[in-house]
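Paired with chain B in one complex and with chain C in the other, chain A is shared by the two complexes that follow.
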Partner chain A sequence: MNADVLLANLPALLIAVPLFGAFMTPVFGRFLPKIRDAWVILASFAASAVALLLAAQVYAKGAVVYVFGAAPGTGAVPVDSGGIPIRILFNIDGFGAFMLVSAAIVSFAVILYLTVSQSRRSSRSEFYALYLLLVAGVFGMVSTGDMFNFFVFLEINSLAASALIAYHRNGGLAAEGALKYLIVNTVGGLMILFAIGLLYAQYNSLNMAVIASSLSLTTLNLLALVLFIAGLATKAGAVPFHFATPDAYSVAPSGVTALMIVASQAGLYGMFRILFSVYGGVFTSATVGWIVIVLGVLSMFIGVTMAIPQKDIKRLLSYHAVSQTGYMLLGVGVALAVLGDVTLTNAFGQMAMEGGLFHIINHAMYKGLLFLAVGAVIYRTGVWNLNEMGGLGHKMKWTMIFFLIGALAIAGIPPFNGFASKLMIYESTFAFNPAIAIIAMVVSILTLASFMKVFHSVFMGPELPEYAGVREVPKRMLAGMAILAVFVIAFGLVPDLVVDTLITPAADALLHQGQYILSVLGGGL
Partner chain B sequence: MIGTLVTGFGFWNPLIWIIVIAVALLFSWLIWRCGEADYDEENTETTAPYLSGNAEPEKGAVHIRAGNMYWGFTKALSAYYNRLTPLHSGIVNDYVSWFLIGVVILFVVVVLV
Partner chain C sequence: MIANLPFIAVALLIGIAFAMILLKRNMIKMIMGLGILEGAVNLFLVSLGYREDGIAPIFTSAPADPTMVMPTVQALTLTNIVIGVATTALMLVFVMLIYKKYGTVNANEMRRLKE
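Right, the complex of A and B next:
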């Protein structure tokens, strides 16, 4: 097997590598436990490398369409299929590649951290196997061009995440949080399945491009759209579908929560893919765009105001995750509201879209970093309650620095990455509706206030006697945090390069529905 | 110039921002250098906190805990919090109900508006 064959089959390897890694991990755990952790890190590294190589391929040559089971060069639509792409296919365009980059970086950083932070726990082989399954679920969701396939990966994502949340029982709280997450996401998933069924019944295809090319704005299709939005907003943790999110995030192992941020963003990916690539050609008014904007504003405001009074540090971060999701919905919602108007799209719609998408990858980096830093504090102190913490900066200097970087980034303080994406959202939203932009800025101020409280409560003040024995976490945990911190700083220092390289291709992929359809069907149908 | 993000309404360059901050810090340092050289001597009254004549408490007793912060904020918004907090009941039946309510509202808005 030469390199060309490997490169030609990267989309298949994207799923095969993490799955193989997952299923082999318990085998290593049983027969070669001493190298099990090294195997997990290697598998995660290989999965991330495949994702990054595939993304590089997309940025170099354009969208990659990979048809499973088809001979090379035969295209997505077989000659004798009646013009319908009957096989499952992956369609990775600029948007999918962008999500792969985000997931690849975070998943590798987190596994470095987890292999140490979980070292005192039992049954780690199955834990790591579930982690790699979650990675496979995320990679599949952001790559597939088939609706039912998307649902399958969504379920892999939700089931693996639920199992990981519940993995360490934590007096029953973890199991309770996982059960809530599982039930709510299963209800959301079933609504998505129902929506897929509604479209399949009408268009005889599960392929997103085929459905997009034939879709019309009927009441039935609007019902399907609403079910998609509700189900995927649940996965993303957007208000008012967010209730299980803080309950689950706050009790999961911190490394898992960091990856669950990416997993929830795969839900956002699905929502934006459906809104733009499938339904984008049929919207005749700004109604759906306004719905996304309202979901965004509610998420921003309710998320941050619920975060401020929290005393459980992870629950506080979880509400901030809800709040930050609101920024993404706001930016992309503004773009959707002006989708049919070329003048407004060029004036501020594309910028709003790019701001929202930029915030996705920024949030994955800094919120992942924050969860890892907080996990490090809990790893050393065993304490979740902010009221019981203090003075830890004396003993955990690196953790404090990493937390500070993440906190400044999430609050939108320059020159960190959160500022750049928030600036794009503020300015474009201000052109659309100044009142909404002001709300977004107020939320950012409240976010800063909230993180001042956390930073002061955990790290500042005199050394407390109960933490006299606390010391810095092991180097590999610091390395996981350092990787994310580097991206938080780098994305903030050269935002133009990130926007030009990653964000604009992603926004273009969403805004130009015709290209998405053409990449699969060519001149077909 | 590297780092310049054009937003459509202006631009943002973090490198320029860092240079401005560095210059501001330099000026701050220069002003600080012009101050009294012996002001920071330890164990003198110049550095002791003045607490209305009361004795300074032990170091460990002066840490302000998280629960002491933003009490006024949440108190001022108590009407808001008294309605919002109970909605996050922790009961999964409530969560699923909210999901269904959300679906119905979205459908009505999408179809009627």
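Right, the complex of A and C next:
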């Protein structure tokens, strides 16, 4: 098999590689336990490499449409099908490629970390298999062009994530968090399936581009839209569907939580895809945009106010995750509110969109880094409660530095990446509605205050006698954190370059619905 | 009216399911509610695909002037049943673990995560 064949079939490999890796892991664990960890790292590396190669292809040549089961070169719509694309297809445009980059980097950094941090636990083969399944679910969600296919990957994502949450039982707490997460996500998933049914009944197709090309704003379609937004906001963990998020994030192993940030952002991807690529053309007023903005502002504010009084360090970080999701919704919501208006879109809509999307990848990096650093502290001390920690900076210097980088980035301090994207959101939102921009800044200040408290109580102060035996974590865990820290700093130092290469194609892909439809249907229909 | 009966049943089932999920405190009953919700969505999908006198698109032994129906929704329903089995099984496992540790399946009595 030569390289051209592989390159032409990257979208299929995107799913096949992590699935193969996942199902081979228990086999290795059974017969060759010595090289099992190496196999898992190799499989994750291969999956990430495929995702990055595919993203590079998209950035170089434009959207990739891959039709499963069709001869190469034939279009998405078979000639004898009467204008309906029957086959399942993957449609990876700038937005999908951008999400792939984010997921690829985080999933590889986290597996380096997890293979060490889980080393004291039993029956790890299945744990790693579930991890790779979760990666496959995320990759599938952000690449598919078929609604039902999206639902299936969403369920793979939810099932694998909840199994990972409960994998180490932790006296029943983990099962409790996982059960809440799974119930909430199953209800959300069924709402999405019902909405898919509503659209299929009217347009006889499951293909997003086909539905988008003939959609109109009827009551039924509005009902479907509400169900989509509710279901996907549940997956993304935004207010008012956030109640399971902190429970699940705080009991999962720290590395898993870092990947679950990416998994929940795949829900955000779905929401933006539905709002812009499918429904984008039919909005005549700013109402839906305002709904998204209100969801965003509520998430920001409720998330941060719930985070401040928390004593459990991972629960605190989880509420901050809800709060940061609000920034993404705010940025993209502003863009949605001015979608039909070309002057306003050029004035600040595009920038708001780019800020919101930039914040997605930034949040994946720095929140992943924070969870990994906190996981490292828990790995060495076995303590969750902030009040019982202290003085760990003397013994865990690298972990402290990585945590500080993440904390400054989430608080929006230059020169880290959180500042770059938040500045774009502030500027554009201020042009849209100054009051909202001020709320966003206040939330950012509260975030800073909260993280200074955490940093101080975990790492600063005199050395405590009960932590005399604490050492720095193993090198491979530090390597996982270092990968994310490098991106946090690099994205903060050259934000213009990142925005131009990664973010602008993603924003353009969402803002130009016609291109998305054309990429599947060609000139036909 | 008769043609709309399945959809009325779907609406009723969804109402019962949400009432069970939101009002019942016994986790087993909440999971049963989820099962009913899934059944309602499955019924909805299958009813969408029903056409009078429609047959599956198999051309051998088809009548002279057939109404053929794409079995897409049936495929969707099958997939969703499989997903539903996996989800329900996993949720019941979680309830078993919780019952072993806490000795209860009442959602009000297992709020150790709430602060």
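The criterion applied here is as follows: the second predicted complex is superposed on the first by the 525 of 525 C-alpha atoms of A that agree within 3 Å, B and C clash if a C-alpha of one lies under 4 Å from a C-alpha of the other, contacts with A are read in each partner's own complex, and residues count from 1 in each chain.
Quick note on the criterion: a contact is a pair of C-beta atoms (placed from the backbone, for glycine too) under 8 Å apart; a residue touches a chain by one contact, two chains touch by 3 or more.
A quick note: this is a predicted structure, and the numbers were derived from the prediction, not measured.
J.: On the A-aligned overlay, A:F348 touches which partner chain: chain B = first, chain C = second, or both, or neither?
T.: Once the two structures are laid over each other on A, A:F348 reaches chain B alone.
J.: Quick one: is A:L179 in contact with chain B, with chain C, with both, or with neither? Answer first, second, both or neither.
T.: So A:L179 meets both chain B and chain C here.
J.: Just checking: does A:V187 make contact with chain B only, chain C only, both, or neither of them? Give me first, second, both or neither.
T.: So A:V187 meets both chain B and chain C here.
J.: Quick one: name whichever of chain B and chain C touches more residues of chain A.
T.: With both complexes superposed on chain A, more residues of chain A are touched by B.
J.: Give one of first, second, both or neither to describe whether A:A420 is in contact with chain B, with chain C, with both, or with none.
T.: First partner only, chain B.
J.: Is A:R30 touching the first partner chain B, the second partner chain C, both, or neither of them?
T.: A:R30 contacts neither chain B nor chain C.
J.: Under the stated touch criterion, which partner chain does A:D247 make contact with: chain B (first), chain C (second), both, or neither?
T.: both
J.: Give one of first, second, both or neither to describe whether A:A201 is in contact with chain B, with chain C, with both, or with none.
T.: A:A201: touches chain C, not chain B.
J.: Which partner does A:L493 reach: the first (chain B), the second (chain C), both, or neither?
T.: first
J.: Now for A:R121: first (chain B), second (chain C), both, or neither, which partner does it touch?
T.: A:R121 sits against neither chain B nor chain C.
J.: Shared contact residues on chain A for chain B and chain C?
T.: Shared contact residues on chain A: 179-180, 183, 187, 247, 311.
J.: In the complex, go through chain A and note every residue touching chain B.
T.: 179-180, 183-184, 187-188, 191, 219, 222-223, 225-227, 229-230, 233-234, 240-241, 243-244, 246-247, 285, 287-288, 291, 302, 305-306, 308-309, 311, 347-348, 351, 386-391, 414-415, 419-420, 423-424, 427-428, 430-431, 449, 453-454, 456-457, 460-465, 492-497, 499
J.: So in the complex, which bits of chain A are touching chain C?
T.: 148, 152, 155, 158-159, 162-163, 166, 169, 171-173, 175-180, 182-183, 186-187, 190, 193-194, 196-197, 200-201, 204, 206, 247, 250-251, 310-312, 315
J.: Can you check the complex and tell me which residues of chain B touch chain A?
T.: So the residues of chain B touching chain A come out as 2-10, 12, 14-15, 17-18, 59-60, 62-67, 69-70, 73-74, 77, 80-81, 84-85, 87-88, 90, 92, 94-96, 98-99, 101-103, 106-107, 109-111, 113.
J.: Would you mind writing out the residues of chain C in touch with chain A in their complex?
T.: Contact set of chain C toward chain A: 21, 27, 30-31, 34, 37-38, 41, 44-45, 48, 70, 72-73, 76, 79-80, 83, 86-87, 90-91, 94-95, 97-98, 100-102, 110, 112-113, 115.
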